[in-house]
Each structure stands twice: as C-alpha cells, then as structure tokens.
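So, here's a batch of structures to check.
One chain, chain A, appears in both complexes that follow, with chain B as partner in the first and chain C in the second.
Entry: the complex of A and B
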C-alpha cells in the first residue's frame, strides 16, 4: 500500500521531468496518469489498491456522521420522556481488532455515539468493557457495533 | 497494578505532533500576530508533558534524550549573544538588524535578529518548565 503511494509519487515526478515543466498542474496530471497505470496493472501488486482504502476511510467517516446524528436523536427521545425507564449496565464486548490504532478508533467511535461509553480495555486488548445506558437491548447494541463500526474498520485495515 | 492504557497512549502519540506543530506555528507567528517564544515554549513543554502522562518519565527520557539544563544554558547564550552582538559594531546594546533576502524556495523573506532572541527565549522556557516538572516527578 505505501509502496503504491510512493510509486505513484515517483511516476508523477517522472512525468514532470519528462515534460521539463515543474508546475503543480503538471504534477497533478502526472499523478492522475500514474494512478490510471497503477489501476490498470493492479494484478502486479500483492496488496489491494490504495485508492480502495482511501474510499473505505471516506465511507467510514460518513458512517460515523450518520450514526452520531441518529444516536443523538435517540438520546434526545430518552431525555424528553416524562418517565425515565433506564436500566444501565456494563457488558464485555469481544473484538476481532488487533492493532492499537484500530482499538483506539473503535473505542472513540463507540464513546462518541451516545448511549454507550468504553470504560476499560482488557489487558490482552481482546475485549472492551462498555457501559450502556439501556440494557434492554444489549444484543441489539452488540450487533449494531459489529455490523457497522467494526466491519468498516476491518474494511479499511484488511490488506 | 498496571492497567491497559492503549487508547491513551495511541492518542498521545498522535496528538503530540499536532500540538508540537501548533507550537512551532505560534513561535513563527509572533512577529506580526499573537504568539512568540514564550507561548511557543510553553505549548511545546505541554506536548512533552502529555507524553509523560501517557507513558512515564523514564520512557520519555529514552525517547527524547535532552538535557534540559543545558537547553536553558544554550537559550540564555543565544539571547545574550544576539543582544550583545551589536556592541562589537559600535551600536548600543540590543540593536536589532533586519533585511529582506531572496531565499531559494520561500522567495522574498524578511529575516530579523529578533527571531534569534525569540529562539533563545523559547529554549529557556521549554528547559525551565521541563526541569521543574521532571524534578518534581522524580521524587518518590
């Protein structure tokens, strides 16, 4: 992946030197041409295309914004109810993620979507301890985390 | 008892660079806009303190093997040297010089000896703050 980015930059510089015109527009044209070449010869690389990964990151950020709005609306509904019928609870969530940055990102995403707060990461970094506002639908919460955030982060990090 | 601080440590690693860049920006912005050596030095020190909080003193000392007392000395020599330089040319103490130079990449830039004095202030502030915090932190 980083090799592909370096190759693309190298091709862009090569394009600038070939046309001996050292301006930004030349560089951008060279970069786009290099990108087209890399996409055309994608069978040569062992890992997936880096542009694919960039697209996954963009999708993840949009997913995060969507979830943030939805969850805040649900907390608003909870607050405005005349009678609070909450059942707070802690539960353990086993995660498939291994890298430090993945765990940090997942924890931040879970914490920033209201109703759930990550309070502790286990010592072997295999499970997160999460405080949930309403324990009536814990399985639903776990499923939603698994199918949205964790899936999107795995989508970004798979090679 | 050691807890797993994976979130704290990763975030500190990431945020350290952002704070340090902001400190450098503040340092260079000081001539025309708010900022300067003192604020830049304090913000730099706060970035290092964030690392110390996330990891511990010994780890940070192996990552950044800086002798902060020497840093204070270098900063004082820089500030005094900039101020005293004009005395050798017959001008009063603290006379500053500035001129416009055509640098290869940046183009027309104004270089001022006040920036060197500011760099001395910056080094002294970082050194003094870190010396205080390390001396207090090492006391068991």
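Entry: the complex of A and C
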C-alpha cells in the first residue's frame, strides 16, 4: 500500500519535471494522472488499490462520529429521565480481530457506542469485557458491534 | 453571511455546554463508578470537542485567523477520551471497587480473580 502511494508521488513529481512548472496545481494534476495510471495497472500490484483503503478509512471515521453523537443523545435521555431505569451488566465479547491496533480501535469504538464501555481486554486479547448500561438487549448490542464495527475495521485492514 | 457564521458558532458552543451539563448531572445521579464512567467518557468528550469547534469557527470566520492547533486539540480529545474511561473503570475493578447492587450479570469477576491468582496479587 505504501509502495503505491510512493509511486503516485513519484509520478506527480515526474509530471512536474516534464512540464517544468513547479506549482501546486501542476502537482495535483500530476497526482491525479498518476492515480489514473495506477488504477489502470492495478493487475500488477499484489495488494489492493490504496485509494480503496483510504475510502474505507473515511467511511470508518464517519461511523465514529455518528456513533459518538448517538451515544451522547442516549446518555442525555437516560440521565434526564425522572426515574433511573438501569440494569447494568458486565458481559464477555469474543472478537476475531488479531492485530493490536485493530483491537484498540474496536475498543474505543465500543466505548463511544451508546451504553457500552470496555472495562478489560483478556491477556490473549481474544475477548473484551464490556460494561453495558441496559442488559435487556445484550444480544442486540453484540450483533451491532459484530456487523458494523468489526466489519468496517476488517474492511480497512484486509490486504 | 455574518448571521450564518454566528448561528454556526452559537450552535456548537451551546451544544457543547449542554453535553457538559449532562455529564455533570450524570456524575451526580448515576449509582456507581462504572455507570458514571459512561457519562464522563462520552458526554465530556463530545462537549469539549464541540466547544473547541465553536472557538475554531469563531476565530476563522469572524477574525479571519485559521488556527489548526484547535483542530489538533479536537483530534487528541477524540483519541484520549474513550481510553481514559476504559483505564479508570479497569483499574478500579482490579483495585476492588464493587459494582452497584443492581448489576445483573458479571462475566468479569472470574477473569479478574484468575488473573490475580496467576500473578499472586491479593
């Protein structure tokens, strides 16, 4: 992936030298032309196109912001309700992510999700222990973590 | 144009103040440390982030001064907020702070006991 970015930068500089005009607009034109070349020659790279991965990173950050706002609205509703209706619980969630940075990202995503905070990561880093505010829908929470966050992180990290 | 900018700035700052007030009420009303960690780690993060964004827009649109340091501050809060909540609740669980009596299910207790036995901590 980093090789493709470096190649793209190299092609952009090559374009600037070819036209002997060293301005930002030339650089951007060269970068876009180099991107088109890399997309045209994508069969020759072993990993997938880097622009694809950049796109999934952008999608993941929008997911992050959306979840942060939803989490805050749910905490607001919960705290301002006249009677507190809480059923807190600690539950175990088995993850299939392996890399350390993926697990860190997943835990901070879970912490920003409505009603869940990661309390402990097991020593073999295969399961997360999550504190949940409302234990009526643990299964629903597990499903939503699995289908949205884990999928988005796997989308970023797959080669 | 100035009115639009003002609306944007006031929206962000009042949203941030609202979320900070909610975080404070949550710290007051919720029963134990672990539920308070929810209010503290989420609402305080978003509250301070929105206030910083409002300050950023004020200096950018009204004073024509683009200050990227504030955006870096937003980014750092975004990264460190959830980690702070996680570390506080984890260290208090290991130190032996009991969860609230209404806690329904506790998968964490056997795990922590096993860990303490392995490392010979009481």
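The rule we apply is simple: the second predicted complex is superposed on the first by the 158 of 159 C-alpha atoms of A that agree within 3 Å, B and C clash if a C-alpha of one lies under 4 Å from a C-alpha of the other, contacts with A are read in each partner's own complex, and residues count from 1 in each chain.
Heads up, the rule we're going with is that a contact is a pair of C-beta atoms (placed from the backbone, for glycine too) under 8 Å apart; a residue touches a chain by one contact, two chains touch by 3 or more.
What you see is a predicted model, and the numbers here were worked out from it, not measured in a lab.
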Touching partner for A:125 - first (chain B), second (chain C), both, neither: first
Contacts of A:154 with chain B and chain C, given as first, second, both or neither: neither
Which superposed partner A:107 touches (first chain B, second chain C, both, neither): both
Partner chain(s) touched by A:29 [first = chain B, second = chain C, both, neither]: neither
Touching partner for A:90 - first (chain B), second (chain C), both, neither: second
Which superposed partner A:80 touches (first chain B, second chain C, both, neither): second
Partner touching more residues of chain A, whether chain B or chain C: C
First, second, both or neither for A:142, with chain B first and chain C second: neither
Doubly contacted chain A residues - partners chain C and chain B: 107-108, 118, 120, 122-123
Touching residues on chain B, where the partner in the complex is chain A: 2-4, 6-7, 9-11
Residues on chain A engaged by chain B in the complex (per definition of touch): 100-101, 103-104, 107-108, 118, 120-123, 125
Of chain C, residues touching chain A in the complex: 18-19, 22, 25-26, 29-32, 34-35, 37-39, 41-43, 45-46, 78-79, 82-83, 85-86, 89-90, 93, 99-100, 102-109, 111-112, 115
Parts of chain A lying in touch with chain C, wherever the complex brings them together: 64, 68-69, 71-72, 75-76, 78-80, 84, 86-92, 107-108, 111-112, 115, 117-120, 122-123, 129, 131, 133, 135, 138
